[in-house]
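Dumping the structure here so I can ask a few things about it.
As written, the chain order gives the labels A, B, C, D, E and F, with residue 1 at the start of each chain.
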Amino acid sequence: MKVAVFRKAHFNAAHRLYNKAWTEDKNNEVFGLCNNANWHGHNYELEVKLVGEVDPETGYVIDLKVLKDIIKQEVEERFDHKNLNLDCPEFASLNPTAENICVVIYDLLRAAIGDQYELQVRLYETPRNYVEYPA
Amino acid sequence: MKVAVFRKAHFNAAHRLYNKAWTEDKNNEVFGLCNNANWHGHNYELEVKLVGEVDPETGYVIDLKVLKDIIKQEVEERFDHKNLNLDCPEFASLNPTAENICVVIYDLLRAAIGDQYELQVRLYETPRNYVEYPA
Amino acid sequence: MKVAVFRKAHFNAAHRLYNKAWTEDKNNEVFGLCNNANWHGHNYELEVKLVGEVDPETGYVIDLKVLKDIIKQEVEERFDHKNLNLDCPEFASLNPTAENICVVIYDLLRAAIGDQYELQVRLYETPRNYVEYPA
Amino acid sequence: MKVAVFRKAHFNAAHRLYNKAWTEDKNNEVFGLCNNANWHGHNYELEVKLVGEVDPETGYVIDLKVLKDIIKQEVEERFDHKNLNLDCPEFASLNPTAENICVVIYDLLRAAIGDQYELQVRLYETPRNYVEYPA
Amino acid sequence: MKVAVFRKAHFNAAHRLYNKAWTEDKNNEVFGLCNNANWHGHNYELEVKLVGEVDPETGYVIDLKVLKDIIKQEVEERFDHKNLNLDCPEFASLNPTAENICVVIYDLLRAAIGDQYELQVRLYETPRNYVEYPA
Amino acid sequence: MKVAVFRKAHFNAAHRLYNKAWTEDKNNEVFGLCNNANWHGHNYELEVKLVGEVDPETGYVIDLKVLKDIIKQEVEERFDHKNLNLDCPEFASLNPTAENICVVIYDLLRAAIGDQYELQVRLYETPRNYVEYPA
């Protein structure tokens, strides 16, 4: 009997979207305001979904306090109040779009969460724009 | 590496639910208050989901400004501040239930968005009632 | 010891904004899309605030089930799934802007709620536009 | 043409998480504050999803008033303002975790809803913790 | 230059509404389902408002981390995952209605927050019912 | 007959909290993570409240499209996708705390909005922390 459990979290960060291999004009054309050289930022809202069997002794798929702590350690302490481009080696050569941040978070959590669980990550960059991985 | 991206939009419209082939009694029995001959209306909230590959050069599945503009042109300008039954040929012979509106919006967006993307549309008629297509 | 209590409610309605004394051009200039002759509509969200003394025997300012029923009778049954201009005598000669609807609801509730309570009404026409009376 | 329709509902209840077969120490270690012998409680928010064909005569997958009434009868009247452990035989020997409550609600609704519909239930225990069944 | 700052918090608790001086029939008549002898519960959402001068050196009215910690110590640790009637001496002889809980929280915070700040507390018992003190 | 009207808006920006007159240690002690030299950022949500007389000819306190455009010109175009400290002269010597940003926005809007209206500004820095001016 497989059930999905979800936990929400959040972090605030600065970023800038650009491709180092492109000219400034090309970057402005593609990324517009998101290419502000002085950075801008977001309140990122995160929803982590695990799918697994319900343990008959506890009635839990996973203790959500455990999942909360994993998210805190792997995501919030890493990215909260950071400049994603400057402070986070994950984005040293990876453009911190919502799509790429979401995949990075998935990879970080995938390594920290047991193989018995399926994992999916949803990331809100703004209340109107969000992404999900795997699709 | 497929990622889903979502964009929210909204429009306000009037409508009436009824089946022209039925008697007024049958329409009232099935559609109740929603069959008010003088119309009623809603704030429709829309969530459009695209699934596609992340472009390694931009880090985008799609530029969400592009998706925002497609939604504006295909959905908002067509349906916002309209009477769906009277003003919109899409519903000249189609009952504007949330289900039918959602499928119509899907078809409009499907024609405007490249085949490389999977598409799904969620439509909120009220904060407590909503629909999704394809299921 | 005065405490404020709030109760939320909602109704869906169609309306049209225009001034009968004006030309069609003037109405279009002032009210734009809101002057669609075929109507449009909204999900109106209502927040009713009462201020009063806490009854020492019940711990209530008012039984919120009582307030809920008053709102249902005075507001929801009157306006839900209606065309405000055509179906509601309150707006026969009053433009159903959010401001005017809010004041009408205040007057209806004021007559139904005891004088020992102060009353304030907030009305959301959309998630981004709302009004409050008295200010 | 299959469309998914969703209806939200809610109920408030008290519960306590523990395993009768365990010692009090083991229960406290696993369930922490959730094992308060004097109970605690939640506002449970419920989202019910049905997938089915759109009826060409009504434009409905299901009349949402019918679904609303089924949810009211099967879920709200059964669990609202109840102590899940003491008042509800469903949890006499089943730990009322969000996962187990969600599966119980699924089973109750599955028995009340026609086989032509696929069913999925999402249950929010808090705004940050929620579950979904089937996954 | 006075500015208001707000901080949200939450706690989950069980309670029962009744007046010990009344008969069971009178309690049922007045409090209905809220008088379940086996308790029910809520996710209480709290909004704390402080009004004060902006410190020209910090740009803060108060460091919101300080306010967050005060709320955690005075409210969350006291009431979270508790039975308000049984576990909390504040409600030993006070009916734990939203109104009374709000005033108790106000008094607890008022004693912990410096006199240079005006204080107001809003408490959501459900998303549709909430109270505020002082009014 | 005075009514309050509200309009919501939003902008995303990077910032850093620090006092140039202080040592780095003092800044870290007071502002903690908010003093990241590489910046961090937020989705700022704005609610603008105007109080005024309802115009008997239009039923409006103000045309909300006009207010929307004023907010766009005075706030969104000035601060959206900006680094408040580096890009915005308003914060060249003013710490961009939520309190100070809120007062700056009030002053910008006050200059753009007619004297017949009372004005109040609420600014959400995160969903849990927000400020209001005047208090």
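As a working rule, a residue touches a chain if its C-beta (ideal position, glycine included) is under 8 Å from a C-beta of that chain, and two chains touch if they have at least 3 such contacts.
None of these values were measured; they are calculated from a predicted model.
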(message) Hop distance check: chain B to chain D, minimum number of steps through touching chains?
(response) 1
(message) By mean C-alpha position, what chain is farthest away from chain E?
(response) B
(message) Sharing more than half its contact pairs with B-D, counted by residue number, which one of A-D, A-F or D-E qualifies?
(response) A-D
(message) I want to confirm something about chain E and chain F. Since they are copies of the same sequence, is their interface symmetric in residue numbering (over half shared, so same) or not (under half, so different)?
(response) different
(request) Mind checking the centre-to-centre distance between chain A and chain E? Centres are C-alpha means, answer in whole Å. (result) 34
(message) Averaging over Cα atoms per chain, report the distance between chain C and chain F in Å.
(response) 29
(request) Averaging only over C-alpha atoms, locate the centres of chain A and chain C and give their separation in whole Å. (result) 41
(request) Any chance you could list the residues of chain B touching two or more other chains? (result) 127
(request) Throw together a list of every chain pair that touches. (result) A-B, A-D, A-F, B-C, B-D, C-E, C-F, D-E, E-F
(request) Within their complex, state which residues of chain D touch chain A. (result) 17, 19, 21, 30-32, 94-100, 102-103, 127-135
(message) Under the definition above, what is the set of chain E residues touching chain D in their complex?
(response) 10, 12-15, 33-34, 36, 38-43, 80-83, 86-87, 126-127
(message) Per the contact definition, I'd like the list of chain C residues that touch chain E in the complex.
(response) 1-9, 51, 54, 57-61, 63-65, 118
